[in-house]
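Two complexes, one shared chain (chain A), two partners (chain B, chain C).
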Partner chain A sequence: MLKQLAFLFDPTRCINCYSCEIACKQENALPPLVDAQPGTTGPRWRRVITLEEGVYPDARVWYISMSCMHCGDPDCMKSCPSGAISKRAEDGIAVRDAKKCIGCRFCSWACRFGAPQFGTDGHMEKCNLCLGLLEKGELPACVASCAGGAIQFGTVDEISQKVSGRAAMKLAGATDPQFYLLAAR
Partner chain B sequence: MQTIKSVCGRCHNSCRIIATLENGTLVKVKGDPDDPRTQGALCSKGLSATQIAYDPRRVIHPLRRVGPRGDGKWQKISWDEALTEVADKLKGYKEKYGQRSIGFYRGQAAGWGFQYLMFQRFCNAFGIVGGMGTSECFVPRVIGEVITYGGIPLYSDYDNAKLLIFWGRQPAFSGATQMRKIFDVRDRGGKIVFIDTLQFHAGARADQFIFIEPGTDLALALAMLMVIVEEDLWDHEFVNNHTNDPGLRQLREHLNGGNRDGVTYSPEWAEKITGIGANVIRNLAHEYATTSGACLLTGHGLEAHINITQTARAIALLRVVTGHIDQKGCDVLVPPSPNYNPKFFFNHLMEPGYQEPADLRLFGNSHSFIPEGCRYPLLFMMQGLHATPDVLRDLRDNTTKATFTQGGNPLRMLPNPKGVRDAFLKAEFNVVCELYHTETTSVADIVLPAASYLERTEPEWFKYDYWLPVVNLRRQLIQIGECKSDSQILVDLARKLGLEEYFPSDDMTYYIEDLFARENFTYKELEGSENGIMFGPVMYNKLAQFGVDLPGGKVNIVSVILESMGFDGLPVYYEGSENRRSKPELAKEYPLNGLSGRAGPQYVHCQLRTIPWLREITPEPFVLINPAKGQELGIKSNDLVLVESPRGSIKLKAHLTETINPLSVYVPGGWEEANYNVLGIEEDVCPISSQANYLQCLCRVSRISEEGGH
Partner chain C sequence: MRPAETSAYFVRFPHYQRESEWPLIIYTVLLQSAVGTLIVGLLWPRSWQISFENLLVTLALGAIGMLGAIGHLSSPLRAPRAILNWRCSWLSREILLSVTFVGMVFLAGLIYLLPVLVGSESGHSALVADVFRVLAGLAGLALLGAMSMSYLVPTRPVWNHLDTSASFYTGAFQLGWAVSATLLFVHVQRIEAAPLVLIACGLIVLTLLRIYIILRVVERLRGLNVYRDQPYSWLTGRIRQIRIVLAVVGGVVTPLFSVAVMFLPETFSATVTEGIWILAVLLLFLGEGMDRWVFFEASPSVIFPPRF
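== the complex of A and B ==
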């Protein structure tokens, strides 16, 4: 039986410290481009976005750390003309096959979360939940390093245990994104 | 493939790390899940270790200047040649002009632990007094606490706390790896309060956020004391038995107008200064006083104001009168370092009648003399360094002929950078130990390549937050070029100076063993320990049990030390150097509060701008402006703007955000391209601690060009 893995994100614990972004870059050896093209960034498989609402002094700011959502029915996979993207049968991780990718960028236009990134070699790359670490029994780099403990992951069963009584919602969307968000209290 | 457990040193928080090496090359660094302080978390800076290690911009050989100062032309020389020249010059100046002609300056970058203690040993052995090579921070706050209860409660008892009040402190920037413990407090039903000028990063996650007018924290603390005293929320048992103001007779009178200004420090009075509603102040005071297990976590936002030491005093008094100091779930005094061997420092060379203390910790200085030219004895006694204003005075009046700077870039990080540059140019001979070329190396005659934290072996006990009394061994993982640790450079220099008597070995383990000669662990045990060695207990209620090593033997609500020096024994409110209340005329021309502070979660001070992963997150400096103010000034996000103070101006991009007061703008510190210190104030300092007013001044902002324009 398929045990789809998903992210559980707790916005009440995210402080926009960028640990997850850098942990991801280190683990996946993502090159920076700031030297070659100042002001630009290299591929970011994970990024923290800032949402500001309200007006001073009653404004609220939320930070959301996002990567590939490993959707149940991913747009990237459907849009790929070369069959380079697939879902692993055992855990539902959306993976890409570098040998099949032709660098056409259809996936990046199709993905509503902007997850697929383009490497300096012109091929698509993205979060694979640190598959190499998972196989060694370790946590994905972003989960392990997260300063506030905001990023967790697991199967739906595991996530419902981690939620421990708090309200959580699954991100809605036609592609069935595997991203659960804990409610603010 | 090899994994080694070590300790990060990219800031002062000393998180444990696991490093992976492949054929001697550092390929990965991650947090150590066995570290009880972090549970494996590591910040963006620590995670960038591989780029820090192999940054091609590093200075990796000793260099001698060729051509005029500032031309940036260097000649590679050998260590032997460099140290021989430095030793000859320093010896010559000292013989000709005396010890005050030699300025040895210490910045933040190599830390305040072992490297700093070796610096003290060197200065004593050489017969000179060291000086600050960076802005004062932390210690001016430490002074206020130490003269109240004899120490600093650096261990926040998160595991048992129910209320955390972060006051001018941004844990996302400093000590982010403690955030799991901090949020766990809330998961157990506790509350997190922030008092700050900017509602961002960790402040955005507060249950209650209180905006405060910058530099007015002393007014808030005094009004909270007033509420606690008047509403009888204070701890009678603790105050009456263990402090020097039983019944709070003197404090009550002081708060009720019995101070030299005749001001009653009521919440209504504080509301006008701090901008915080009197009812909010009352509720906060109530909540703090009546919650058992409440921490007040203070930070850099309180520092860099000329009223810092009295602010720290007033906040210390909040802990004292509520009986929260040193209690379960509160701010706890712990041994801040292992007990040092007093013979390690050779203090008797500078102070012939020196008495060896039984207990010697933290900064390790236990001098009881005041050196010639020192105007800030409390700072000197706490840290063993001449204060920045004294250092600059000695440079400007030519008392100092030769300088030697370690781990600091005063030409960027002090207010009035141009004036500081001119001061250093007055010295005849400048030596700088550095990892990179900086503004300060630009006026150097010799540059010595310093090692980063990844390239040196040293014991580490210093922490920024959650100060568990544990010492770990930081291990040398790699060697870069000819770089040497700051302490190794000092040992080699001392031996060139003929000080072999005090530096008999060039092996650093000799000095580590010497430093800990009084402790009950050996270097071998430290080296063999992956999880570190506890050097003291976490204990509650020590002040009541053992008293305190201050005049009278009790907690000093009235500071006997300050009174004896002619300062206020109880904190009296006074304004910052430059704001709408203290300089109303100037404020007509410069109507905004120009704030600065820490550079962000991925930078430390002026460091790390060359690390690509970190730089691409924030590629350029920016100023935060409230959208209402932006609209008034015709400024949109990403417009290029001019920020001007009476002293200078900088150009940078605007970011509009509702997280800042419309009357304030915020420029993160440490940028070369838009250095806040150009705007800042050098002259005005805290009379007790020498703290300069370097995080706030009056300014105005105007648009230069629109986004994409030139």
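== the complex of A and C ==
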């Protein structure tokens, strides 16, 4: 039975330290390529985005760490001509098969969240929720490294327990992204 | 970092490079012109048709275009996998239809040649070849649709509109008309005034339609705020101006000139007409290539901000 895994993010706990991005790069051996690709930091499976709201003096800035949303109906999977991206039946993680990828980059055009990245081996790559760590019973690198405990993950039931009375909003979208955001207190 | 060290990065990661538009420009422009050439060849009256040469040119354009498509892939050897997800991927359908189109054109040409290869006359081979030409034409029409659907993605607002489809269809028929006309004028030394005027008028109408679509695209994108880092001026600047000039010279001025040349002495006018139409084709291909280059370059991807 499918127990879809999802991310839960608490923006009030994020301190914009980028440790999630760095941990993700370290765990998945994603090189920086700062000099080879000026203006970029190489493939990033996770990125911290900045959202601004309000007007001075009531302006606020939110930092939100986003990666692949492991959507219920992913655009990347539907667009991939070679069937290299699939969803695991047991936990709904969207994974890509490097041996099937033809490197056409079409998934990166299709994804609304910029999740699939062109990798150093000439094929597309994306967040797989650190499957290797999950299979060892450990947490994904981003979750484990988050200094403020802003990033959490689990099944929808587990997430609803973690919310514990606070309002949480699911990311809207036609692809049913599996990403929940806790409202400010 | 010193240049030597920078190049060392590329040696370590030879596949990590910026997405190149050239293979896609070659693929889209040549396949579209191949489809246009075949269909215009089918629709023209029998007396204007140069069937076998038309098939040869269509096949050449299609084959070179397919090489461009393969050049776009990081793993060209896995190219056959690209058709596996045809049930839901427009790119898969596009590749499948491209292969079907080029394959049908190849078969039609082969069947035309069959009597020569076998050494016997058969009235059926031309008929069967025509059936394959019609099937290839239908596959080509579907291919243009699938090709444009591949670009209708929400992350690229510049492409995500029906005018992308209109651009692809009008571009295909404009180029196809010009290529078919050039084949006719190269093949037939002296052509009557009426067909020449009609062919010239046809190209002018298709060119004006193509320019109208280009202007519609520019008008639609005016005011879109996605150009913070990708200059809107690319769509109205010098490159587009040159593109319009190429279209006008190639698709309006040269056909008119070829009509005027009819009044020259017969031996002279045939050579000049031939040269004029070859020039028109070159200018139109160059213009369409520039158009497609802007299409790919000025299309910033928009990663959706979270909406809760």
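As a working rule, the second predicted complex is superposed on the first by the 183 of 185 C-alpha atoms of A that agree within 3 Å, B and C clash if a C-alpha of one lies under 4 Å from a C-alpha of the other, contacts with A are read in each partner's own complex, and residues count from 1 in each chain.
Just so we're on the same page, a contact is a pair of C-beta atoms (placed from the backbone, for glycine too) under 8 Å apart; a residue touches a chain by one contact, two chains touch by 3 or more.
If you're wondering where the values come from, they're calculated on a predicted model, not measured in any experiment.
S.K.: Will chain C clash with chain B on chain A after the two structures are superposed, or do they fit?
M.R.: Aligned on chain A, chain C fits beside chain B.
S.K.: In the superposed arrangement, does A:Glu21 touch chain B (first), chain C (second), both or neither?
M.R.: It touches chain B, and chain C stays clear.
S.K.: Is A:Glu52 touching the first partner chain B, the second partner chain C, both, or neither of them?
M.R.: first
S.K.: With the two complexes overlaid on chain A, check the angle at chain A between chain B and chain C, Cα centres, nearest 10°.
M.R.: 120
S.K.: Classify the contacts of A:Cys101 with the two partner chains as first (chain B alone), second (chain C alone), both, or neither.
M.R.: Touch status of A:Cys101: second partner only.
S.K.: In the superposed arrangement, does A:Phe113 touch chain B (first), chain C (second), both or neither?
M.R.: second
S.K.: For the superposed arrangement, tell me the lowest C-alpha distance between chain B and chain C in Å.
M.R.: Minimum over all C-alpha pairs: 10 Å.
S.K.: Hey, what residues of chain A end up touching chain B and chain C alike?
M.R.: Residues 33, 35, 42 of chain A touch both chain B and chain C.
S.K.: Going by the contact rule at the top, pick out the chain A residues touching chain C in the complex.
M.R.: Chain A residues touching chain C: 31, 33, 35-37, 42, 49, 51, 64, 66, 78-84, 100-106, 108-114, 118-123, 169-173, 179, 181.
S.K.: Would you tell me which residues of chain B are touching chain A in their complex?
M.R.: Contact set of chain B toward chain A: 28-31, 33, 39-44, 47-48, 50-51, 171-172, 176-177, 179-180, 182-183, 186, 199-202, 204-205, 211, 601-602, 612-617, 619-620, 626, 628, 657-662.
S.K.: Which of the residues in chain C end up touching chain A in this complex?
M.R.: Contacts found on chain C: 1, 5-6, 9-10, 12-16, 18-19, 72-75, 78-79, 81-85, 88-92, 95, 150, 153-156, 301, 303-308.
S.K.: In their shared complex, at which residues does chain A touch chain B?
M.R.: Against chain B, the touching part of chain A is residues 12-19, 21-23, 25-27, 32-35, 38-42, 52, 54-57, 59-63, 141, 144-149.
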